[in-house]
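Common to both upcoming complexes is chain A, partnered first by chain B, then by chain C.
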Partner chain A sequence: MALDPLRIEDEKPPRPAASGKKWVRVTKAVNGIDTEVWEEVADDSGGPQWGARESMRLISREIPRVDGPDKVTGRAVFSHDVRLPGMAYARVLRSRVPAAKVKLDLEPARKIPGVLAVVELGDGEVRWLGRPIAAVAATTPEIAEDGVRAILATYEEQGFAVTAEQAAADNAPKVNSRGNVRALSKNTDTSEIDKALEGSPVRVKGTWKIPVQHHASLESHGVVVDYRGGDEATVYASTQGTFTIPGDAAGRLGLKPNQVTAVVEHMGGGFGSKFGMGIEGEAACLLAKELARPVHLMLDRSSEFHAAGNRSGGEHQIEIGVGRDGKILAFKARVTRHGGVGQGSGHPLPYIYARDNATFVEDRCIHTNMDSSRAMRGPGHPQASFSMEGAMDECAYAVGMDLLEFRRINLPEGKRELYMRQLERCAELIGWKAHPHKQAPDRSDAEVKLGIGFAIARWGGGGNGQCKVEVRIAQDGSVEVLSGTQDLGTGTRTYCASIVAEELGLELAAVRARIGRSTFGNANASGGSTTSPSLAPSVKHASHNARVALFEKVAPLLGAKASELEVRPGEIRVAATPSKRIAWKDACAALGPNGLSAQGEWQAHLAGNDIGGAQAAKVSVDTLTGEVRVLEMVAVQDCGLVLNLLAAKSQLQGGMVQSLSYGLFEERVVDPDLGLFLNANFEDYKIAGAQDIPAMKAVFEDDPRGVIGMSEAAIIPGHSAIANAIHNACGVRLREMPLTADKILMGLAALKKG
Partner chain B sequence: MSDATSPRDAASREPSLSRRSFFKGAGVVAAGGLVGEAVQAAARSASLEPVCMEGTVEIELEINGARAKVAVEPRTTLLNTLRNHCTPPLTGAKLVCDRGSCGACTVHLDGAPVYSCMTLAVDAVGRKVTTIEGLASQGGLTELQSAFCAHDGSMCGFCTPGFVMSISACLESNPAASLDEIQRSCSGNLCRCGTYPQVFEAALAAGRKLRAKGGK
Partner chain C sequence: MKSFEFIAPRTLDQVVELLPGPRDLKARDRVKLLAGGQDLLGELKEYLVAPEQVLNLKTVPGLSTFAERDSNYEVGALVTLAELEQSATLRRTHAMVAEAAGAVGSVQIRNQGTVGGNLCQRPRCWYYRHEQAVCIKKGGSECFAYGGLNKYNAILGGGPSYIVHPSDLAPALVAAGASATIRSKKGERTVELERFFTLPSEGAVTRENVLAPDEVLVRVDIPAMAGWTSTYMKFRERSSYDFALAAVALALRMEGGRIAEARLVLGGVAPIPWRCEKAEKALVGRKVDAKICALAGKLALEGAEPLAHNAYKLPLAQGLITKALRKLAGT
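Up next is the complex of A and B:
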């Protein structure tokens, strides 16, 4: 009976592995959505190993980032910061209406002194609010803005729907030819689940509402296109995928992909929104082609909100039936996604719990004349977590059962031990044992009430074989590791260097990591937390191969076989006769002028997959003002081999902060009548600031597996734990984010009325 | 383009250009061309009469202890002047919101933190501008910058220069700043990666080091 269209993985491989092969789960984008699939790969278990963790010097330790000094001094050059001779600055004109036929008169812009080029974007048909329709290049950004204002746009306005309510109404203007309300999957026979629900002694039913969130990366989307005529170009891009740029850019510039080099030295946040070049990148290429001079086009903040993606919102109707013993007997869900002109991310319900007795009634999306949603950190999971954990909590209170015990009963067999261990650790860290009211809200007369809530997350985080890494050792002893990969702020550059330095017995500073350039080896785009589990094993493989090749050269000098050698800090020696040794510099001198170059590719056995995490939040609720303060957040996470404990802690805590921000503050506000995005700026679209940050604790479990990406798991459960903590504090159950004071006061008033 | 114009006249004539033209507290009309002295005089003047400046003005700024001549439109922000008109470009201060709500563009004017996206370059004439590039002596790091590195106060790093500038000013005046005071000092800065806990750790650690050094 369980139709579960959003099941994200099959539990078992499709068939036994062929000889010399093995099955691994990898995360791949299927129809734009990160999905776990089984892949048969060569059984490389005999290859390099990470080795004993206690003997590591530079892996799984607290390693300050190698680019830290550049970042704190302003020396780090982001794409926004690229300045080239003769560079023009460009800005885009956005459609001010959600649906229209547009005619443009570009001449007034062209007449402004300093305006260098003006191009039209799109085909004159606008289907979503804020779509860039023209771009202006000028000698300064100020003049480019003048140019944008001077363009005469004539809109033949059409009916629009910017909210789901508008779009779903009878006779609503058509957003697209496929229909505004589109069923992605439907289960018409619900008789069995309905019967199970009817037979359940305790039932919880509700609708959870989830706002549209914005990525709000501080560095906006954009590129600097360095094209000066001729047959090559360099594109500096703020992107999560170095290799997503050259093909697109070449098409617009009339070049071949191998004539375009993409550069991503540093990038200022993407969170899932920065794959490919986008309309803004195309515009920059068109302008650069026309001018044959470099063009700098970065979206301004308002354009960034309007036209650079978002996390889909939605609505979840959930009904759960529970037995007196706390066992969930039936789960029924209907999901509506709000993804603008796009279809939004899949919301995997039921989330983690209650997988056996579940029926998915319908999964549908409602299209509006708004920018398409894009992937955003943990696509679909934070949404699913909010309703699922909220509903779970409601059930636990309804049957009068301890919050953790209720979760234990309804966790799937194979995950129970993991999540209970993590939940209990969270409980311990946040002081659950001493908390005075565990199974009911604080019913005292206190004005400010304290509450604690819990939630869990799962993610794949496996790697894939899309990385090619090179390690070079020069005659002078210097070492470089090269990969085209991009560092989103996760510390990629740092672990590239530290893995090589560890393998070769060198100090971290002795290895230079060169990344973010499409002329280096291929690397996967950073989505689905797949970067470190794909790249780190490839770096390990390349450095292992470099060491083996170096041993081959050095062995004759030591009168030994290559297999008898080992590295020690700064030297190579014969393992059995340590007095037979050669200093690093002397060993490298034997390489001759060509030095040594070794390649590496993905080693499935050095990566892992499938992680879980739990978080808990302690909040105070002021019952007079409705103000919520998050006082404390704790997280316990597994993620295989932690490459850098310092950067990983930042990632995990950063995820918790984003989750807090999602829960308490973030919501796109649209005026349905005027068709306007009302808070496309950082005053009215609030994200968490310094004074919103609670005390935090992030714990990584000792996990013997290989490298697994963890970033997405970090952002999934925090807001759900906060919502649950609010209920535990004051009895108000918020089924709609953001969890703001007005909603809490309304809830308190409703409780008083009874 | 060189007429002295009251703001109301200017606004009614060219409403779309309202942002470009005004700055407060000046008493001189700039007519395009070399007006550095006029701007300086204007900056010193206490006159409340608003004045219209247009065209390009050449001004001299004191940035990180060195004099820099730049030719900018009067409407050009200090941020865009640093990033787009200085040689070499000073791109440490970041353009993120362009309206004073995120702090990524924070620099010091006469030692006090300001949003350089909300400051006109012409208003910085006669004042000492310090940017992230000039915070430490050549090639070095301040205690706060070192602490940011050691405690992982940057993830993507785009907000980092702004945070460093805001908190530097706080520690400069009070190396014994509490967590609460540090949070307040950077409450005008936004970080999307959520680096705040490490930033606070770094700031507190830097404060301890500064106090141990006895002095700043």
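Up next is the complex of A and C:
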């Protein structure tokens, strides 16, 4: 049974567990969108335990990434950096128009000296702006680009709709056969909710507008396909799913999946946009197959914006009825998702609050002739958070209630304690108590005004049983941990090594983590924050099994039973008689030339699920220029066992930065008449830089649960807290992102007029 | 980018020898001059220009002179923005110029970018910068920003093109009364920098300045401003690096707590650095108070005609004028 992960009330498994089994809620990433399902698994509660946290040497401590020096010195090889003998460089031709029938004459490209192969992509039908329609391989990237530009494309242009307004208009050109405006929910009867709204003494109504955000990964999408004829190939891919590559590539190369090895040593960000090979990966395979030589195809930045996914935008019309006591009595929303030719992730309203009352949510999407949205860090949640937290704030001010008290009243029963604890900690850290104007904006004549705002998040972050991990101990004492998993940027190598080192009593440097290769054990794609809660328990299991196997070998040497042994830094000893000991090297020497290999799989009891998280922002608003400066952000997060406190803090800070950037700057701009994407570059698509980043505090709560992925919770509430802080500062309520100076200045002018 | 011939001339004479004839407008994009390359490389990579030849000015001696004599400055076209930004003398005598140089782009861009390049850079309008939008600036018939998405476009001096001049340095240098020295085969000529920039309605709409196809900007001279104080205030959306949504270069000479002389030039609001002479005159003889700030702001923006999405630039520019006046008056 698939459950909506956001429905807090669905917390019970479908039936009692069978004997020896137990129910766990597991998160499965389907194309990056996490879906939570109840799964009956073996009751593994008696298996390896994480153990007491205070006695940990490496896990949950601040450990610099083992591959950090490689990355900052440029030694780390990303897919983009791969250079192979005889390699050709490829570029893609994108459709210049949003909708057309296209005919291509490839001959002029083929005639250019240095062009090696040209392939057509797609079927001549273009439904979205920038769709790749051909690819050229050449001896240099520059010649490939010349080749792309030499292709003669004849467009039989069709009417297009690149904005939601255009698509929803009468007589709008049809984006697809399903209709431009598509209902995604069935119930349209609002009579009951309207009655409840009418009966509410205080009502807040508004429309929130959410722009399309881009993933803007530093490394663009792409692959290097190493195929030189014959029956095997290696694909170096910038992907968040090592194991999503071989099947895709094999199909295009005419090979079997087990004849293709995917390699993902390092990858430069994905944020949900890099599952599978994409059109660009297919193109590289087609070219490599034709040429029987390696092909390098990485998208340029413009293609990255046009044709590599985005976070769906949307519009939320919300109406809330509130009692004088601050209790929300009725919640009505109409969600419209803008996902291009795609449907967009669900924007789960009402977000967290107001679940015990009359609620009505209509869900629909508007299709446009733009690239499909893809999953993006916390799909749907930051969108829902923006309107919900804004509306919550408006309600609180309208009934004249403290922002936190109003939230307390309207949090669902089972979550109240968690969120209030986190919100109050945020309030303490950001100085809410001493803040002079809590229930109204600063109405003084001050030129620069200060404001504080709050918002919360919810995520699953549970693991699942899709990882197979191997730990090898060699006769010379060296240790390796192997998993096919990819490092999305979260520090996977480091915790793989640290878990093993912790288990075996070794220094971190003594364990080598090898990841990112599909010939290693299976691992899940990194979506839904499922990587560490799936992988870390599997690594723990494998290292536990390795230790037990090693004890079996060593026990006779110490004249004891395996169960009587324990590891201590650099040695194994008999727990009850510490003088009976053997140094690590000597113990491993007993393994013989074959060494030792142990496997591990997911252990449900070593993972957890279901997290909250709260953030607060303090901003200054310059009423003369409309300038917003975020002065401070704080985040308080639960996430079970923290694997690496340093990496976790930077992940939480990264979430704050990305949501700040979403709130203050990011917006795709498309000209509706020309059908052109106007800011498909890093100049006009603005992203926060170092000077825009505030002082940040990232705080983790003590949380006795196992490992939980929290990266997505980190990006959900920040921009909402900032929008609320802007209102608290100067009285301008922005219901449309990005929260830029032009809107604030116009808002201030409107306030002045009254 | 399209392939081109890369030429490294050894003298200025060789440079001007390679330039097209003075009226050879068609050929003007056939040869491009490379200084810091911060603008040209973008134009090449986006296929906005596809020259046959690129002349590297960095190999030409004598263009990097940065000399001061009695607070007069000679600034070669290839002096970097970082040099201006970091000159303690300039910061003392012409603060607005040093501040404007420091407000350009990022550290990397300022280390590469040059004075000449900054003054001659092309517009940043996103229609101009989109290869497929053949706008009036690129020989088309229409300014797409006018009826389109014009948040960053001009509110003053627009028509038939509504670009804003992107240079930070230009308003500050105009306010400083700087002049530009231009070289061609015929020799040198000098124009006041204020006359160097051209409105789309008065010069060629595809250009932003008076340079003819056979000319190259070689030097800027900044006269001394004894007794003046000045500042450059720029508003950008993203603090880390961004072009101005509006900017103010303000210079004041105070006498006994009152303004004796004023120069006020706006950036980011018009196709040229926008000199506000009416406001300058109104400031003379006045003390800086709220009333005069409001008056100067009103006069400076007189005649502004905001487009659909940029009316905010009025209060923004006025806010910056107020801030600049207060800063220089120390109030």
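By our rule, the second predicted complex is superposed on the first by the 739 of 754 C-alpha atoms of A that agree within 3 Å, B and C clash if a C-alpha of one lies under 4 Å from a C-alpha of the other, contacts with A are read in each partner's own complex, and residues count from 1 in each chain.
Keep in mind that, in the parts below, a residue touches a chain if its C-beta (ideal position, glycine included) is under 8 Å from a C-beta of that chain, and two chains touch if they have at least 3 such contacts.
Since the structure is predicted, the reported quantities are computational estimates derived from the model, not experimental observations.
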Considering only the touch criterion stated at the top, classify A:V26 as touching first (chain B), second (chain C), both, or neither. neither
Have a look at where A:Q658 lands relative to chain B and chain C in the superposition and call it first, second, both or neither. first
With both structures fitted on chain A, tell me whether chain B or chain C touches more of chain A's residues. B
Considering only the touch criterion stated at the top, classify A:E142 as touching first (chain B), second (chain C), both, or neither. both
Where does A:G626 make contact in the superposed view: on chain B (first), on chain C (second), on both, or on neither? second
In the overlay, answer first, second, both or neither for which of chain B and chain C A:C395 touches. neither
Have a look at where A:V295 lands relative to chain B and chain C in the superposition and call it first, second, both or neither. neither
Chain B versus chain C as contact partner of A:A690, first or second or both or neither: both
Where chain A meets both chain C and chain B, residue numbers: 142, 146, 149, 681, 683, 687-691
How about chain A: which of its residues touch chain B in the complex? 64-65, 67-78, 80-81, 83, 89, 140-142, 146, 149-150, 215-220, 266-269, 271, 298, 300-301, 488-490, 646-647, 649-651, 653-658, 661, 681-683, 687-691, 693, 696
Partner chain C, residues of chain A touching it in the complex: 96, 142, 146, 149, 622, 624-627, 664-665, 669, 671, 673-674, 676, 678-679, 681, 683-684, 686-692, 740-743, 745-746, 748-749
The chain B residues in contact with chain A across the complex are 16-17, 20, 73, 75-76, 80, 83-84, 89-99, 101-102, 104, 131-133, 135-136, 141, 145, 148-150, 152-161, 164, 182-184, 186-187, 189-200
Within their complex, state which residues of chain C touch chain A. 1-3, 47, 124, 126-127, 129-130, 132-133, 144, 148-149, 151, 235, 237-242, 245, 309-312, 315-316, 319-320, 322-323
